[in-house]
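Order of writing sets the chain letters: A, B, C and D. Residues in each chain are counted from 1.
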Amino acid sequence: MRHRMAAGSESVSTPHGRRGVALFGATGYAGREVARLLGAHPAFRLQAAFGGKERDGVPLSAIHPSLRGSVDMACVGLDTNGGLDGAVRALAEGGLDVALLATPEALSLALAPRLLDAGFRVVDLSGAFRLARSSDYPEWYGFEHGAPGLLGGAAYGLSEWSGGTLGTARLVANPGCYPTAALLALLPLRRAGLIDPTEAVVVHAVSAASGAGRKVREDLLFCEIEGSVRPYGLPRHRHLAEIAAQTGLVPGAEVLFFPHLAPIDRGLLCSIALRLRQGAGASAVAAAFEKAYAAAPFVRLLGEGSLPATADVRGTNACAIGWTCDAATGRAAVFSAIDNLLKGAAGQALQNLNLMTGRPETEGLPR
Amino acid sequence: MRHRMAAGSESVSTPHGRRGVALFGATGYAGREVARLLGAHPAFRLQAAFGGKERDGVPLSAIHPSLRGSVDMACVGLDTNGGLDGAVRALAEGGLDVALLATPEALSLALAPRLLDAGFRVVDLSGAFRLARSSDYPEWYGFEHGAPGLLGGAAYGLSEWSGGTLGTARLVANPGCYPTAALLALLPLRRAGLIDPTEAVVVHAVSAASGAGRKVREDLLFCEIEGSVRPYGLPRHRHLAEIAAQTGLVPGAEVLFFPHLAPIDRGLLCSIALRLRQGAGASAVAAAFEKAYAAAPFVRLLGEGSLPATADVRGTNACAIGWTCDAATGRAAVFSAIDNLLKGAAGQALQNLNLMTGRPETEGLPR
Amino acid sequence: MRHRMAAGSESVSTPHGRRGVALFGATGYAGREVARLLGAHPAFRLQAAFGGKERDGVPLSAIHPSLRGSVDMACVGLDTNGGLDGAVRALAEGGLDVALLATPEALSLALAPRLLDAGFRVVDLSGAFRLARSSDYPEWYGFEHGAPGLLGGAAYGLSEWSGGTLGTARLVANPGCYPTAALLALLPLRRAGLIDPTEAVVVHAVSAASGAGRKVREDLLFCEIEGSVRPYGLPRHRHLAEIAAQTGLVPGAEVLFFPHLAPIDRGLLCSIALRLRQGAGASAVAAAFEKAYAAAPFVRLLGEGSLPATADVRGTNACAIGWTCDAATGRAAVFSAIDNLLKGAAGQALQNLNLMTGRPETEGLPR
Amino acid sequence: MRHRMAAGSESVSTPHGRRGVALFGATGYAGREVARLLGAHPAFRLQAAFGGKERDGVPLSAIHPSLRGSVDMACVGLDTNGGLDGAVRALAEGGLDVALLATPEALSLALAPRLLDAGFRVVDLSGAFRLARSSDYPEWYGFEHGAPGLLGGAAYGLSEWSGGTLGTARLVANPGCYPTAALLALLPLRRAGLIDPTEAVVVHAVSAASGAGRKVREDLLFCEIEGSVRPYGLPRHRHLAEIAAQTGLVPGAEVLFFPHLAPIDRGLLCSIALRLRQGAGASAVAAAFEKAYAAAPFVRLLGEGSLPATADVRGTNACAIGWTCDAATGRAAVFSAIDNLLKGAAGQALQNLNLMTGRPETEGLPR
């Protein structure tokens, strides 16, 4: 079996001493970034990379030319009809026990239980385990959740806020790109009780086209996106459920979310308008951010009046946050920028993997 | 005198029967679009085009290569130190009586009184006459208004809403690009009393780089903007004052405004979140839009759930408007897209000129 | 039958007096531009627009949002398995006799004979009839030509050079985008005998992504093209055959061709290096261009040392040409820029239609 | 003196054991990349960063927001009128002996002699020392060379070809971005005698806007470049002199060069057409490339028929090279892609610094 050989040809402790990792969904953009980061990580290495059946044996660097010279292994084609058990078994026999899923929800739902049963620790980059209640899935994702028993034990992997729980987590739900940026901006104020709940928090966001993945769809063609800005995914994008759940705000009533697409290939900006609780002002806001992120290596606090641009964090795992406060009206606006493929996907997955395994949080991650 | 010859060499009624127009600020992006539109207008023609002194005698098509073949006249250098009176006099002697100002506020403030005194009708594309109260200028524009006596008589030229007043207006303040898109989306709901004033209306907008004009500044270089989305102009962009004044909402309290820059060369999108008045819902919203724009040739109502993209209106004077309503929470979101250089500047200026002079509203304007 | 009703519901002479035109391939980018241009043409109007079966009944403005407000008809789904005869018959019964094909070669090969038999005059935007010898098709297009009998009678529609033959042509092969730009730059020098044939003419070209059409392919996704420049289609792009045939140069030996893709949505630049015949210099070059294009309304000669940019001709049917000559070495370089969707496709098709039907050459075309 | 304190406050061997480096021209794009690379280099560290006088004391991360979090030092304002001697002396007293110049030619010409006199080893990223003959400067650079005595001793730092000479070089002229890509593609064939010199080698190239530096010029504004491709710098760009000198071909006769600008922020592609010497074919071409770059860690040979894209090497110091050969006509085309700011500027500068100081060639450089 091809994947057995691919996965089993080396033990976990490689000659270089790096721990092997299995990656599912290696042919997409998030998968590419995971592969790139693992290629330069001091403690982990990509040992098996899975893609669609039709990609079996194709070098990853042929699928992603930018990996040429740094990641030279072949993609393993995954037979999603009946081949999952064998693939997982082969990985386990090869000594692997860590897997990253950069796969669609349906495939993550099929893979995660098998991997957990085989003793793996799993970071899933899809939305399959982000919502705690299985009853939310029909409304927000359009399907009945196939593994509701896993939801209770899944840790929500917003590294800066969930870090403490990750050391023992066996299944980590990597946050969505929009929720990552929105929550890093909102949680300090929300947890400090600075947000007036009687007025909706309005989250406007603009994302790169890579946020939609490498799907071959007409609306993702270059000529459909170049030169254009547009809203999409309304009225209720699934990331709203995630933002609402993590902030404890009612989606559509206490928190609103408006995603947009801009002609950039990577990057995501959140612009959040909110009313401060009576009596709260600029100093309380600054204090809340500084307290929340004093020890957060990837959060760049720009301070009041200094606003982030997506280009400032391109290619890094950082989140840059700036804000403005208007004492006269009690309003604040918070702005956060991330690289959607790194802090919004692959970078945070590895940050979580570092935290899960006791490695330094910043190891192998561009700041 | 050069400009005398340029301006005075033809009478108002040209051999082609088109009425001559003077354009100040011909070297910027809005000026370029005015020149282009006049080049193909059946009723008006560009007769004198003014720019900085250093451009005197340079063909407009050398300054704007895209005009080559359609606009071939030379730019007239304007001596802003003492040369304004002479320039205006020469134009008047040449028989002109219509002027478009695509100039900075300071120059518009110097030119408009002189032109009005000389009998001209003036459309000003700057912010110099957009706010009705001179006392607002120090706060929002940073200068004392030099011609407060003109503010009362200036018509605010949001064509779809001010059309009736333009027939007799002698000075028209062409709206800002952001206010144009925001007000076309907001006014139907506001005038119909559908907006709940107890919660702030949040206007989030994304603009092309050309919105900043053709200023030679480091932050407008290609490499500073390409691949990046960023907020700017906060906490209180001057267009907020304009939006607030026209809607009667208190800026910073009842209406908030967050402008952003995206890597596109033309286009502007407004995304507006608001709470509907108790009892108002999707049908009232649709009715308000349909009533407001039943006879508006440049407004494209996309309807509920259909969202505009800036590329859809590129190169046209149209404004595309779509919206979503959430009956459960009483929220609505309205989205409007324009070409910032046309409906947001030069196109609306000519639409206004058509209305001022009794021409068909759509004449010479791309739809 | 749907298309019968669509096509037959109006006579050729509409109430507006504009002659009806049938468009096949209305859902692609070239088809969109044909539809847009016909929407504003004084003498022609789009009367039937065909697309794939799955688009039957869908408004063209839903397929191309930028057409909203200007082109409001529904797309007619074409059954390519057996439905072509009926579609053509219905059009003919509806009184139409002009058709534009913005279809792939295979469909053009199936449609053109049927349309010609039914008395139509046809402009084909594909490569199906561009090469005069059927024996060239296997090598350059990868198929045996299915209608070799039509090749002899097909006129090559490079408007500026073939204009005289179009008045009587029944089938016009609209040139490829690259050949249009390359030939407009080369033919004046070639016909004047100024090119030294002992050294290869090197044609280097950069095109917008829309040159590949609206194909839903991974390599045409936004994130695959944004921020990147790359060569493609080598070693022997089919447009080389066309350039060679029209110049009489041997492809790959006397003329070389290197196409590239840049992250722009429309525009095409050719940069051509060549050796001048002994004794020929800058004045002979300038004279050749001036003589060739003295009466060509869409060619903008920039002259020696003035170089075109694709943005200068965006949205127009113009071709801008500039050049440099080096007397010391006998080399010249010629640069030509077009909008690949207009002069390189839809615009030239209508320019040809104007010439075929005795209309003014520039009618309905943006300059 | 400010720069004395800035430069002299630490010894060469820092607590981290990294050797201090002085950077002149830290405020431009190449300077930014040098600073970024030094921030993560294991053996070198940025110890003094100079910019214009008006930037004195401004944090580099305020000038380049993408450096925030990784490079936090302040810029030192350099008084170019009389302050150079003091600046160099202070650096030397601070124990530094390595300097990188990302400065305009004129400033490099002023700084290099002073730095060399003070015992520094210097890598200059400008064109000031790239041409061996001072007599070439008036023709190609428009000035008389002010330090002709240094030209003989300056090493041309095309790392893959000059590596052996750099160990003892005191002044290294870092190649231009175009020559880097062109020469890496040409030299293997030229040195192997595979190019037929009787026909011109035609080098077409397309560069990112950052190749022009961070100059505040109207033609470098976003809206002047977005959506457009254009040639520039003709007839004789100064990089032609550099390509000609290194290949021994006569500029304008035996080698031609046509640079173009595309709307990308980083990246450069060379496309080179040439005639192979009688008898040479695909296997000789492949052998020449493989021999030349067998031990070159930054050259990615894609092989015949595989063509590079600029995005493939973005953010790396790599050069990707592919080619095609036509046995029938004896022509070959070679394509090379680099990141113009890395392999074309800052990356190669550090690669050269590694080679000059006996460090591993790849140290601190992204592959």
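Operating definition for what follows: a contact is a pair of C-beta atoms (placed from the backbone, for glycine too) under 8 Å apart; a residue touches a chain by one contact, two chains touch by 3 or more.
Since the model is a prediction, treat every value here as computed from it, not as a measurement.
Asker: Show me the overlap between the contact partners of subunit C and those of subunit D.
Answerer: Under the touch definition, subunit C and subunit D have A, B as mutual neighbours.
Asker: Measuring centre to centre with CA averages, how many angstrom lie between subunit A and subunit B?
Answerer: Each chain reduced to its C-alpha mean, subunit A and subunit B end up 41 Å apart.
Asker: With centres defined as the mean C-alpha position, give me the subunit A-subunit C separation in Å.
Answerer: Taking the average C-alpha coordinate of subunit A and of subunit C, the gap between them is 45 Å.
Asker: In whole angstrom, what separates the CA-based centres of subunit A and subunit D?
Answerer: Distance between chain centres, rounded to whole Å: 37 Å.
Asker: Give the residues of subunit C touching no fewer than two other chains, as numbers and ranges.
Answerer: As it turns out, subunit C has residues touching two or more other chains at 227, 263-265, 308-309, 311-312, 314.
Asker: Draw the chains as points, connect those that touch, then say whether the picture is a line, ring, star, complete or other.
Answerer: Graph shape, chains as nodes and touching pairs as edges: complete.
Asker: In their shared complex, at which residues does subunit A touch subunit C?
Answerer: Interface residues on subunit A, with respect to subunit C: 29, 208-210, 214, 216-218, 220-227, 263-265.
Asker: Which residues of subunit D touch subunit C in their complex?
Answerer: Touching subunit C from subunit D are residues 199-200, 202, 204, 206, 227-232, 234-236, 252-253, 256, 258, 260, 262-267, 269, 271, 273, 275, 305, 307-312, 314, 324-326, 328-329, 331, 333, 335, 337.
Asker: Spell out the residues on subunit B that touch subunit C in their complex, using ranges where they run on.
Answerer: Touch list, subunit B to subunit C: 65-66, 68-70, 227, 300, 302, 308-309, 311-316, 318, 320, 367.
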